[in-house]
Structures are given as C-alpha cells and as structure tokens.
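Structure provided below as structure tokens; questions to follow.
Chains here go by letter, A, B, C and D, matching the order in which they are written, and residues are numbered from 1 within each.
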Amino acid sequence: MIELTTSYLEEAIEDSRPFAASGNVNMNLPNFDETMKDRLGVSVITTDLECYSAGEHRQFVPMQSTSKVIGLMLALQDFGKERVFNAVGMEPMGDFFNSISQLESYDTTKPFNPMINAGAIAVSAMIKGQSPENRFNRYLEFLREITDNEKLDMSEDVYEAERANGSRNRALAYFMHSTGTLVTDVEEALDLYYRMNSVMMCCDDFARVGLFLARGGRSPRSNERLIPSNHLRTVKAIMMTSGMYNSSGHYAVEAGFPCKSGVSGSIIGAIPGRMGIGVVGPAIDEKGNSTAGGALIKKLAQDLGLNMFGENGGTG
Amino acid sequence: MIELTTSYLEEAIEDSRPFAASGNVNMNLPNFDETMKDRLGVSVITTDLECYSAGEHRQFVPMQSTSKVIGLMLALQDFGKERVFNAVGMEPMGDFFNSISQLESYDTTKPFNPMINAGAIAVSAMIKGQSPENRFNRYLEFLREITDNEKLDMSEDVYEAERANGSRNRALAYFMHSTGTLVTDVEEALDLYYRMNSVMMCCDDFARVGLFLARGGRSPRSNERLIPSNHLRTVKAIMMTSGMYNSSGHYAVEAGFPCKSGVSGSIIGAIPGRMGIGVVGPAIDEKGNSTAGGALIKKLAQDLGLNMFGENGGTG
Amino acid sequence: MIELTTSYLEEAIEDSRPFAASGNVNMNLPNFDETMKDRLGVSVITTDLECYSAGEHRQFVPMQSTSKVIGLMLALQDFGKERVFNAVGMEPMGDFFNSISQLESYDTTKPFNPMINAGAIAVSAMIKGQSPENRFNRYLEFLREITDNEKLDMSEDVYEAERANGSRNRALAYFMHSTGTLVTDVEEALDLYYRMNSVMMCCDDFARVGLFLARGGRSPRSNERLIPSNHLRTVKAIMMTSGMYNSSGHYAVEAGFPCKSGVSGSIIGAIPGRMGIGVVGPAIDEKGNSTAGGALIKKLAQDLGLNMFGENGGTG
Amino acid sequence: MIELTTSYLEEAIEDSRPFAASGNVNMNLPNFDETMKDRLGVSVITTDLECYSAGEHRQFVPMQSTSKVIGLMLALQDFGKERVFNAVGMEPMGDFFNSISQLESYDTTKPFNPMINAGAIAVSAMIKGQSPENRFNRYLEFLREITDNEKLDMSEDVYEAERANGSRNRALAYFMHSTGTLVTDVEEALDLYYRMNSVMMCCDDFARVGLFLARGGRSPRSNERLIPSNHLRTVKAIMMTSGMYNSSGHYAVEAGFPCKSGVSGSIIGAIPGRMGIGVVGPAIDEKGNSTAGGALIKKLAQDLGLNMFGENGGTG
C-alpha cells in the first residue's frame, strides 16, 4: 500500500494524464476546446480533514451529471425513500444514460434509476420549493454549505447551452409526462435540471461532495448531520451500481468504491469512512467518463487500497 | 449494533419467516413442494472462523444460480481476467436473468455479465478440463475443498429436471453459438451448466463459499490461497452489481454487500474481511430471490452493521 | 357477389353496428362520449361517381390519423419521393403507432413509415409554405378541393385538446430533433400536425378522399390530375402495409385494399379503379381502429368482392 | 404499357443484370460461389397458360424462404385459418427475418407472421403427417403437383448445410418451445424446416407456384382447386406485407404485387388473375433479397402495369 501524500498524487496525475489522448472534449459545453483536452486535476480530503491536491485542481467545469447525486440527496430528504423510489427505480441498466426505449419497453414506465437522465429529471422535480427560483436556490445553498464554498454559482453560458441542446432531455421529460411519471410542469422541471447541471465547480468542491457522502453527511461548517445516514447509504449504493454511466460495472470491479461522473470530465468519489475524491479531466470516452480521470481513479483504488471488495473492505 | 449470537440468529429467522408467504416454491425442482415453502435457515461464519446457525440450516437444495460464482472463479483462474471479459461483459443489466433480446439488441452480442444465464453458460464453457467429466469433476473438487465438505455431490434428479426444462437455456446457447460468442460444443456446454446447477448444498456450505470470498480465497483445509485476491474482488464486485437478478440494485441499497441468489431459494453473502453468510428459503419472488431469505439478509445488514456503504464501510 | 345499393349498405350497417359494443370511445376528443358509441355511418362513391350512403354518414369527427394520408400526398408533391423517403422509411412495423423505442433501437433513427406518428410529424414538416398559417391553409385548401367541400374546417376545441394531450407527440418530435431527423422548429411542426388532425369531416368527405386515391388523383371540380399517379400508388401501398396501426396485416388479409384509420373512429378506404369508402364509427379497439367500422369494411370487401388478393384482383 | 414477349423479357434481363454487382452470393449454400453472382433468369406464366422465359431460367437453387409460402398453404389447409393464426400472427414487422428479440419483447410470444423464420418453423410444425418422412413427403408431393414437375427433390448437400448452420434457427425453435408456442418435438420441427428449404427449383418452378396463387389454386394437372380461394388470399396478402424480408414495404410500393424471396436469390411473384413470376438471381443484398432479381421485378411491374395500387388495380 502506498501512503497518500501530495507528491504521490502528483506522480499519479502524470501517470494518468496520457490517457486523455484516447478521449474527446465535449464541445457542446461553452469554453470547452482542444486546449482543455489534457488537463487533469485531483483533490482528496480524508475523513480527518487532511486535504491533498495535484494537477489542475482549480480548473472549474460545470457539474453536469454529478448534480444527480445532490438532487437525489435533496429529494430523499424532502419526500423520503418510499416516495422517491415510487417514482424512479433503483436498478442499474446496461444501456446509455439517455435511453428513451427503456421508458417504453418495460412493464413499468419508471426510469430505471436516479443516475440516468430520465430518472434525474423525475427526481429533481421532487426538490421542494415555493417557486422555481426558490427550488434552485435551495439546491445551490445546500451545495455551498457542503462544499463550504459560498462562491459556487451557475454559469449562464452553460445554462443557455444546456437549453439549446436540450431536445433529447425534452423528449425524455415529455415522454414521462405522457405516461404520468412526471406530473409537474415539464418546462419548469427541465429548467431546474439545466440549472443544476450548470453550476461550476473544481476538484476541491467535488472532493468536498465526496467527503460529505463518506463522512456521515456532516456540514463542514457546523459539523451537524444534514442528511441522515440511511439516505447517504442509498445514494452511495446507487453510485456504485449506476454512477459511471454504462461503465458502472467496470468501475465497480476496477475501482470498487462509489463514484459519479459527468460529461464535463468530472468525477466524485466517496470511500465510506475514509475520504472524498474530486477529479476533473475533460477528455471523455464514448460512454461519457473522463479517460484520464477514470485511469486516475483506478490507480488510486489500487495504490491506496480503496477497493471495498478487497479483503479489508477498502480499509487499506 | 447488535452482537452476532446464535440466539440473535434464531430471532432473526422467526422475524423473517413470515415473508415466505409472499413467495412461491419453484415446482420445477424435484422434491420442491408446498411443504418447503416456509422453511428458512441461515449459517454465518466469521473470518476468525466462528460459526453460527439457526433455522433449517441443514436443508439441502440445488445450487442453481449460486453456481455462477464458482464458475466465474474457475474461469478467471484458467483464462485470466482479460480473456474472460473478452467473452462476457461486466455491466449490470436491468432485465430478467434469462433475457435473449439483450444478446440481440446491442452492438455487441456479448452477454452483459457472468451472473445472467447466457453469461454463465459462456463462462462455464471456459472451465478447463480434458473431457466433460473432467471439467465437472474439477468444479466439484474445488467446491468440496472450499466448503471442506467431501460429501457434496450432484443430484441426478435435479440434473434430469434441468435438462427437461432446458429449452430457454438451449435457445440462449444456440443463439450465442450462431453469433460466435460460444465456440465450443453447445450440448457439452449446456450439460456442464446443468450439472453445476444440480449440486446439493445446505446453509453451512453456502456460508463457506461466502467465507472463501470474504477471507482472501483461503482453503479451509490448508489455509492456502487458492484464488488470487484480484479475482475475488472482481467476483464480489459483480455480485454486488448483478448478483440478485433484477433486484441487484435493491439489494445493493438495502443489504449493501455482495450476494448471489439461486431459484432454489439459496443466497450466498460475502462481507469482505468480516464473514460469509449462507441462506436457504425456498419461497421465491417473481425476480427469483428468496422472499424470507432476502428479508433476513437485509435484517442482518441492518442489525449487524454489514452495509458497506455505511459510514464505517460495513465494519460495524 | 352482392350488388352495391343503398339498401345493401343499410343492411351492412345494421349487421356491423353490434361490434361497437366491444370498443371504446376516445374520451380525449371534445364531444366524444358514450352517446357516440354505437353510431356508425358509411359512404361509398364509385369511380363513375355514383354515391351511396347509410347510417350516421353525416356524423362529423376530427380527421385524427387519416390526415396522414393527405400530409404524405402533399409532401410527395412538394419534395418528391426520394427526399421524403430520405427522412422517413416505408417499412411497416409491428408495433404501436406512437412508439419511441423504434426511433432509438435501430441503426437508423428514421421513423419506420409515414403512417406512424413520428413519421407523420416528420412528413408534415415537409409541406411547403411561407408561414405556419400558410402551410395549414394549403393543407385545408387541398382537402376542400379533393372533397369538393368548401365548408371543411378545423375545430378549435379539438386543436386545443390535441395540444393539451400532446406530451407523447412532443416527446417524439423532440427526440427526432435531437437526432437530426426533424430539422425545422419543433413547436411549429407540432402545431401544424395538431391542426391537420383537427379538421372535422363526415363519411361523405372521407369517401371523397378515398375516391381521389382510387381514381387517379382527379379534382372533383375540374377533373384535372392534382397528384401524379406514381405518388398515389406509393400512398396506397403504404396504407395497405401500415394504414391500420398495429392491425395493418390483419386488414390486408381480411379487407385486402388500402385503408387508413384514425382514433376518432374514421376510416378511409381506396379500391384502385373502383371506389372510395368513408366510414365513421367512434368506438375503437385497443389498437386504435373502429370496431364496428372495421367489421363493416371487412364485410364490404367480402360481399362486394373488393379484396385485391382475390382471383380477380378485387375487380369483382 | 409494354407487351409481354420473350424478347421483352430478354431485354429486361440484360437491363437488370448489372444490379447483381451490388449484391453478394450466400456462400453458406453448397455450390454457391462467385461464378453464380451475375446469373439471372426469369419465367412468366400467364393465367391463360402462356409461358415466357429468359436468361438462366434453368438455374436450380434451393427454395430457402420461398418454402414458407408452401408451408403456410398446407398448414391453412390442415388446421384452418383460426388455428394457424392462433399460433402465429399476421402483422408485418420492421425487423430482420430471424429476430429473436421480437419473440421476447412483446406481450405475446407469438411470432409476428409466417414469413419470418420463427413463424415459419411454428407453421411448418402444423403440416399433418404420421411421421416426419410422411410430413415432408406430403410437402414434396404438393410441390410436385402444383409445379407439374415430378423431378423436384431435396438436395442432401443443402440439407446438411442447413443443419450445420442451424444454430440461429435452433435458438428460435427452443425459445418458442420454452414459451409454449412450439409444442411439438423441436428437433423434428427443425428437421422438416431444413428439408423444406432444401428442395431445388428453377425459375419455371417458381413461376408455377406464383401462377398457382394467382389462378385460384388450380392443379396444372387436373385443373382442380387444391386450396380454397380464401386461403390463397390470405397467403398473398401476407406476401405483400411481409414477403420480402425487411424490404417488404419497399416492394409493396415499387412492385405492388405479392412476392416472396429466399436467400438463394429466388423470388416468387403472384399477380392475382394475371400471372405467376419466377426469378433467380443469386447475388443478394443485406436484407436477403436478390439485387438483380429485385430490380427485374420492379421493372416488370412498371413496364407491364402489374402494380395493384395503380389506377387499374394492376390490370394493365
């Protein structure tokens, strides 16, 4: 086992960076271009609050699908497990994250799980608030608290790009509306979803979200438990089976701890009782996962003994 | 947290037994009838080799799909990870375990993972041996060693029933043969698969298999490592994402440790570094999992702190 | 063979009316209620312009899917066969008319044919015009000419109901927009589609559309050919293979001539060189076809020798 | 309109032969090789029994899927329409002819129609006979009578090749057995199916089958009606909607009369009341239809006015 130090992380970054070559930057995102391709950063924060960073860990990218983790926590808080999983399943699916056939071809029209787009749209429609603004503010305030970063905010440019490229998500949402899975106003639900995806974060922030999950849902400000343990277990289990798009099974084998990725090249990792990890590497594979970031996650699992299926249950 | 004792297990059995009422006994299996319905047994063996049992833990049932775990270990040993996962995927699928559409509708004709029937047939065709008898004997000898039970053997009646009800598996195997996924003799591959499913075991044996996975692949006889750690991690990760048929996501959330079930009502559980669990409860739900056995597994996870996604990573 | 007379049609109506009992009125349509259930009307116009009617042949209902026939004729006229079938296929599909999986699960994202909703939305987006109003007016003027009925118009109530229940069609259209199949403004395309579906017609008008198809595309006013013969052949062939939703194969066998139905209980029939038929019977089956109307169509085919697969090719 | 003469057919052959270049010969069939690629033959027999032939009309090829037409006639004769279509549907499907997903993914496990492999296996299992030999003999005798060709027989080589490449059909048949769609012995059903596909015929024979369908099911020997008219109508309608694999819709539009093709490059055409057509052109497209043969069929439709959707209903 290797000891976690800054210099170890720096080496790990340089070992993993070449994997960026096999990926592509998602050019639909504003300011994402070829110059982003080989950027790679990582932050790790242990449950005793030691922080380590390396590479371009201050590179801000939009949350994209990593927002699904936050949305699920808030919906569980607001409606409880039973009602949330009445609207959306908790089964992994061996298909692409934005599948619409899945909604049609099974007995149930419930989206398979909250980590696919359809499921996340249905789940985020459950975040409480008196108005659309209010609901997004609640999301943003929660995110600011758990990352202890008051400056986090949505990018208007990303939000506009999400809306402009939103036909597939619109199709998913209107389909769910037609089957009664989505009962709220469709355009409002989509608007919130786009806003959630557009919040800009860097590795430090992503690592803070991972730490929040790994450390009992405690606020870094007050140390209070903000989300009950059982909801956190639920979120982490779903990240394990479904967090890395159509490669979730691969990451369960090769990393062995709960992760959630976004097409901005971001990854949140949460090793229960040990640490949170934030990675940003914008070159993604055809499944949607950061190529260099994924390589880095697997290397950390191996070197630091984080694989929960190891003999010691990921404890070293 | 509750302490693991025999009397705790006895209470847990009685609390879980009523769930048998919502299930049905698989009448295709010889000697399976209504009198089996409310039987429920459990054995737990900790990594420091303490054994606890309760209920009908001496009820023998055929392995059925729990054999997939053994087949995967042997194939990994014989061909290595790369070649095995060249023939079969490692992604969970949100569909029934014996789906044939899955084989047809995706770009690849690889079965999704080794825990579904198609995948398991392809994987068990990789167990080495000079003749069909030889290959089954290797499987049986391995099973006898890791359970330390020389008496384990195949039931001829179950084997005959498997063959007689084998049209669906035949369809899967011939389909894979037509696409080049299965290159060996189809009838031989099926024959081995039927034999593997027909070995009779009780809770003590199932728990021994779980312990083997949880404790670094050590023989209970020689204490030697029979299967390398990285293969065991692979098997446990795949059990977590895909071991409980189409309810795997549900069990990842509600139990939170690797399990594999069979339609005989058997369940193998493996909590890395802590314990192996064997359950038998013949009444199964429409997904194929023991109803009372599943309830028991979830209760143990909760009471004994076995959920790996908990704050302490399943260590209490 | 029975001779076509008004009294024969009256008998045929009374023989077919009882089949209404097995259907249901589509209550999403304004003014559609239980009192509509057993209405049934028919008009037949031969190519030598003899007209026969019976039953409630003056019952007006919205065109619904029968509009797809008109949209396809206009798009063929405006863009030609090659360009239209570059955007939409011409293969029948064994699935429900509003399937979205079909759009996702095949190599191509082209809708299967112009008779399913997705295909019809894509096709009607090809009707030329300088503005949305202009395009609908062109549709309406064409319809007025071929039915020789200047009074035909859209029902505002039906249009509003179409819009209000439009989530499924919105999902189809946005999905096609996301794949590049639909390149025009989605909301405009849907608006035109809803308007087309909302034009009110009775049996006489539906029969006139059938006659237009059966008689070389001649205007009943000027006797001029408005649509070239080869486009009419195309439309009739597609009606035969795909015009009766998921029962198209059944009607090819049992009626044996080109038909197109709508969920308002309307049916257009076209027997090349012989006659046009219009039927209205609001009680529909779960596929979307009028139950009494379908029975009547099959009876006429049998009694009047209209089945084109008969020994005399439907000529008696 | 062009007059049907031998010299016209010779020209039509030479016009169509170049389309062979875009196809490929099915090398799984014995004696099928590159030298077969640009062969093309045609025979036409009118209902007043005039015969015209051109090109390699004496080239013998195995029936392959054209046997489905014969099997359906015999099953209808033996069990009647109701029982046959209780076991198999009559709806076209927009999918490849040997799809197994179709069997799984719909409510019903009935094969879509008798022209796809699954449907044909189920249908041919309905041909009556006291033994397998007896059932095949009945098929062969019927074929000899309607083609008036006592020499027709099965090729042992083709039969062996069918068996050797039969995994996909085996998968289909075992799947249907597992769902209860196929209740007879699977291996016997497959054996009959392989034999039926292996009968060798040339254009003259295929044209005779077409004529039989076009001319009221009369024996060319006795002029007696061997199959009732309503069964022939059913067969022709199903050929129209489903006879040309996944291009059936295309052929309904472009040829407009009932056809059935086989992967040996054979096509049977039946124009009710007018003529039977037999075509052989071994180069096939990826759907399974003869490329040059298909071009020829479409040319004949156009030149001879055979399209039933034309103004005169295909009567010139």
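Basically, contacts are C-beta pairs under 8 Å (C-beta built on N, C-alpha and C of every residue); 3 or more make two chains touch, one makes a residue touch a chain.
These numbers were taken from a predicted model, which means no experiment stands behind them.
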item	value
Reference chain D; chain at largest CA-centroid distance	A
Comparison of B-D and C-D (more C-beta pairs in contact)	C-D
Chain B and chain C, separation of their C-alpha mean positions in angstrom	55
Where chain C and chain D are represented by their mean Cα positions, the distance between them in whole Å	31
Chain B and chain D: spacing of chain centres that average the CA atoms, whole Å	48
Touching two or more other chains - residues of chain D	105
Contact pairs between chains, per stated definition	A-B, A-C, B-D, C-D
Partner chain D, residues of chain C touching it in the complex	89-95, 102, 106, 112-113, 214-216, 229, 232-234, 236-238, 240-242, 246-250, 252-253, 256, 258, 271-274, 307-315
For the chain C and chain A complex, residues of the former touching the latter	99-101, 103-105, 167-168, 170-175, 177-178, 186
